[in-house]
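Presented sequentially are two complexes of chain A, the first with chain B as partner and the second with chain C.
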Partner chain A sequence: MKQKLVIALSLILLIGVIFLIYNDLFNGNPADSTNATEYNLEKLKQIDSSLICYNEVITIDLTMESVNALTIDSNSNIYVAGDNEIQIFDKTLQKTHTIKLDSSANCLAVFDNTLYLGVGNYVEVYTSKGVKLSRWKSFNSKGYITSIAVNKTNVYAADAENKAILRYNLNGVLLNVIGKKDKDKSIDGFIIPSMYFDLAISAENELWVANPGKHELINFTEKGDFRTSWGIASMQTTGFAGCCNPIHFCMLSNGSFVTFEKGLDRIKLHDQTGKLECIVASFSDANAQALDNCSIGARVHDLATDLQGNIYALDAKDKKIRVFSRK
Partner chain B sequence: MKNYLVKLILALILFIQAFNLYAVQRFPKPEFETKYSQPTMQTPCPRSVYMEYFDVAVLVASLSLITWLILKKRSRQGVFWTTIFSLLYFGFYRKGCICAVGSLQNVTMALFNPDYYIPITAIAFFIIPLVFTMFYGRTFCAGICPLGAIQDIFVLRPMPLKQWVQTILGLIPYIYLGLAVLYAATGTDFIVCRYDPFVGIFRHNGTFMMFAIGGVLLLIGVFVARPYCRFLCPYGVLLNFVSRVSKNHLSIAPGKCIECRLCENSCPFGAINKPTPTRNVEKRNVMVKRFAIYFVITPLLILLGGWTGSRFHENLAKVHPKVRLANELLLANNNKISSLSMEISTFKSMGKPLDKLYAEANIIIDKFYIGGWILGGFLGLVFGLTLVNLSVFQYRTDYTTNKGTCFSCARCVDFCPVKK
Partner chain C sequence: MAEKKQYNRRDFINNSLRAGIAVSLAGITVALTTRALSGKSVWQLNPAKCVQCGRCATSCILETSAVKCVHVYDMCGYCDLCGGYLRPDTKELNTAAENQLCPTSAISRKYIEEPFFEYQIIEELCIGCGKCVKGCGAFGNGSLQLQINHKLCVNCNQCAIARVCPSEAFSLVSASDAYLYQGKKM
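Up next is the complex of A and B:
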């Protein structure tokens, strides 16, 4: 009896297999209205609302054609680089003045009332009132500085073309080059498929650098020794999506990381170990338009934080600074 | 017991292979949640010509070895280890390509399409197993064919099937062969490769359906031995015919059968002919009359089959991508489908005249009309000959192998107490 049952079940399965083949052969590939190869990330952009731990509280409209970079000083003044100028807002979000530049700055940092700008392959230094102090000698003619950070003793410039971090003293003397491939130091080198290469200095003066091609954030000593790294490649919120992310990041005073990924256009908060803490914001609603405009590229062009833990995102599409506060 | 354990371990190893499917790459494939599916590898990378010749050499060498092991050494163990070698070489190393089963489509296409260049190795893989079978029986099926080899490992608890079940299911390979030849001849598709159930396992890559069919067939194969070989394989049809004329086919007893009945249930494929109790089960004139009736109605069955096949030619032609596209466009133009497929959008963007597509599709459909007649006629012939065969009584005094269906696996020889 048992044997008959097993044979009967096996034969039913066999007939099922034949039916599957028949069905696929004669009824397969029905007309499908969707484009199977369409680059559609909408579903991945849908975020569980319980993961969102920040509210957008303020937006600051900018009067610029293009916006490139954003930073905040210790007095909560906001500096925005774009076009051929820098606009400065005080903590009441009123524009106080504008600094005109010879060329557009890709990135900027401010320390002790001094502005450090990355312009093409060199660094320019201004006072916060707009007086040009110096222009540093470029590392080489091919360089392209995409991010800059300053502390009491060092200026770090991320050079995307040379795939290296240039460490200067405050007078513009190049001290060393960090992150070049070095087997002896267990440094694999940076993978930078596009011109997105960010760095930041933590409250403890630790240098962190994004390695977007490896979906990692890496911590180096100022001498350029590898200390630690974190980050995984994944389309899920826990990792960094696509070919090369995160493209921008900054740090909170408690050592947490705020990251932005292009493609999925999401800002996330990670704790000191890199573990996802929550989502700050996701730009799923208006992304389609952003993708249509190739000149914009990524939706957010820079991130910054203030001492109160607010997060500032420079929205390149809407030409706004979006300010997020913890719920 | 030892052999059973070895097979169980090998079966487990094969199952573990499936875990490779979930191996994580350093840079994972994008995890699209849209309807976009990652393209699956259909064929392995091209191989150099010399290595293709090497494959042919391996085929000849392994066929020679297994034939020697079966016919001269009568060693089931030898067959088993050759099976493992073939599974590893032609299966996992060569990723199931090129295989003799699929090569019949290459040969068909080459016969019907003068523009198609058929590699000499494809011809070799088609011909060589047939030549060996013509002389020595289906030694290729015994353990060289990777599709048979993988199933053979899973023959753990085989159960006998009723003869009538085997006869009915045994008609399916003829239908599959007919369709495979029709679609290859018309340049539609290589359906044997498309629905190869085990190639996904060999390549660690494939569609869900490939793995589902493969997994189910292996599961069935635990109880109903080698279901693909017996009830689906189109190449097996050709081997079955050729094997019937083989002069040096494996025999159960190396000498005179003593009818001890020890081998009676040894074949998991039901390919042992038992001795008949009497010389005449029915009156001679009744048998002759029935034979004559079946013989006469066979041409009618061919005509009926051909006519039926021709009635279905449009359905058969729908598998052709051009006919399918033309059909979809026709429905879209008649507003019978609301949304356009990507194929339609692509066609429209190319600016090709619709009438030209319809004309090309009509030519293909006409080919299928002829093909439908031939396919139906072939199936009618098979059905008629099956009836004729059932009406023929064969008197046997010994336990013998059924030359057509026997895979020459040599399982039965271990049960035979007769020595040379």
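Up next is the complex of A and C:
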């Protein structure tokens, strides 16, 4: 009797051990386990939903492998640079035509039916129908133009490699170089840790330039004198996160600023003084992990606005233009 | 007329054994030939697939993981506010322990010139958790990358980290080209 009891207990023990081994080998789910050394960026991306003041109203699918830049003309035509071409959409969001390029444009601007493209270290000029008008002489062989803006007298090109703004007239004559370190003019120079260097012209024809390494936007006169700046470094929505932000910005007709920050992938609206007004969009969503997987680089490759105050974001991950309207 | 030989159980067993031995020898020959032609393989992780989940620090069979952070200097922005070195929302941009993102203080920070700093990995302290890699990838240029250090790795037949890696970033690569980091490490 005693022997049977020992055998029965041993069998139960054996079954228990087999169960534990099976569970350990086949049912362990490492994905569920928490890890003390994990860096959870999603927590940082979470924002108060009451701060969001825009709705995403339209998305436009793009048929491009890579998308680089976006601009909108005064007739609400949308121009998208990517691959080796420019795709043009009318205000009904129908693609009207495509301009084939010899090389990929990093940035573009349109004024008076003329397209100005930043291609490597030089500027190319096309009609809006796709006829190439000219290629301007490079500032130097090392340059890399990341942003371009035009008004009726000037073309400003942001050269990330030379850490300077190149001011041309509309015929491509270089007039002056803005933003180089100059103690006499109280200009500290631009800090550009990565190839993100954006500029914009306001409705009042004022030049604004992002200085991402200093987390600020700077206003210069066209002669290159420092006028004012705003911006602070902070993970909070009131500031710009990480080492170097904002990487893209554009301006509304009332002088407000729309900024995009890499890392936390958020689009924000600031008033004319730089004070945070609200959040346009945040990309902290179910796709965030996939975005992290594709890792280095920003989700949004450019921002633009139209005359109605809608905000257009060029989503490089999903190859879409996302259009946001005020709530 | 010759009488047909009967195929008995003994013949069947003999033939089966011969066939088994022949297949085994052929398999071993093929395996050895493949190995000889391809050279020695070692485990390595692909930084482009890595999601910095932290399991490299805890799943290696070694007491301190063979996975270490490498710094690819030519990709670095030498930022003052380094997303790989400093904790988010750090008030002071300095080397105080409470400001450092690395749980083992395995990154040293050296002033170069205003406002640039150089960051160096102290390999003995690095546990391969990838926190710095995640911070650098999200906010910076991705110059910090995880790699298996082959001076430390014992090259298990089945890498224990590869078994739990959620992004399948681990694979066997040729020992003659054993590192997969992007850019130039100086």
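Here, the second predicted complex is superposed on the first by the 277 of 327 C-alpha atoms of A that agree within 3 Å, B and C clash if a C-alpha of one lies under 4 Å from a C-alpha of the other, contacts with A are read in each partner's own complex, and residues count from 1 in each chain.
Heads up, the rule we're going with is that a contact is a pair of C-beta atoms (placed from the backbone, for glycine too) under 8 Å apart; a residue touches a chain by one contact, two chains touch by 3 or more.
Keep in mind that this is a model prediction, so the values were computed, not measured.
**Student:** Based on the superposed arrangement, let me know which partner A:Phe26 touches: chain B (first), chain C (second), both, or neither?
**Tutor:** The answer is first: A:Phe26 touches chain B but not chain C.
**Student:** After the superposition on A, what does A:Pro193 contact: first (chain B), second (chain C), both or neither?
**Tutor:** After superposition on chain A, A:Pro193 lies in contact with chain C alone.
**Student:** Please work out whether A:Val6 is in contact with chain B alone, chain C alone, both, or neither, and reply first, second, both or neither.
**Tutor:** So A:Val6 only meets chain B here.
**Student:** Which of the two partners, first being chain B and second being chain C, lies in contact with A:Lys262: first, second, both, or neither?
**Tutor:** The answer is second: A:Lys262 touches chain C but not chain B.
**Student:** Go through the superposed model and pick first if A:Ala233 touches only chain B, second if only chain C, both, or neither.
**Tutor:** Both: A:Ala233 reaches chain B and chain C.
**Student:** Contact-wise, after the overlay, does A:Leu14 reach chain B, chain C, both or neither (first, second, both, neither)?
**Tutor:** A:Leu14 contacts chain B only, not chain C.
**Student:** Touching A:Leu174 in the superposition: chain B (first), chain C (second), both, neither?
**Tutor:** In the superposition, A:Leu174 contacts neither chain B nor chain C.
**Student:** With both complexes overlaid on chain A, does A:Leu44 touch chain B (first), chain C (second), both or neither?
**Tutor:** It touches chain B and chain C both.
**Student:** Across the two complexes, what residues of chain A are contacted by chain B and by chain C?
**Tutor:** In the superposed arrangement, which is not itself an observed complex, chain A uses residues 31, 35-38, 44, 233-236, 242-243 for both chain B and chain C.
**Student:** Under the stated contact criterion, what part of chain A meets chain C in this complex?
**Tutor:** Spelled out, the residues of chain A in touch with chain C are 30-31, 35-39, 41, 44, 191, 193-194, 213-215, 233-236, 241-245, 262-264, 289, 292-293, 295-296.
**Student:** In the complex, go through chain C and note every residue touching chain A.
**Tutor:** 48-49, 51-55, 57-58, 77-83, 88-89, 101, 103, 115, 127, 129-131, 134-135, 137-142, 164, 166-167
**Student:** Under the stated contact criterion, what part of chain B meets chain A in this complex?
**Tutor:** 26-28, 30-37, 159, 161, 165, 169, 172, 179, 191, 195, 197, 209, 212-213, 216-217, 219-220, 223-224, 227, 231-232, 315, 318-319, 324, 328, 331-332, 337-342, 344-345
**Student:** List the residues on chain A that touch chain B in their complex, please.
**Tutor:** These residues of chain A touch chain B: 3, 6-7, 10-11, 13-14, 16-18, 20-21, 24-26, 29, 31-38, 40, 43-44, 233-236, 242-243.
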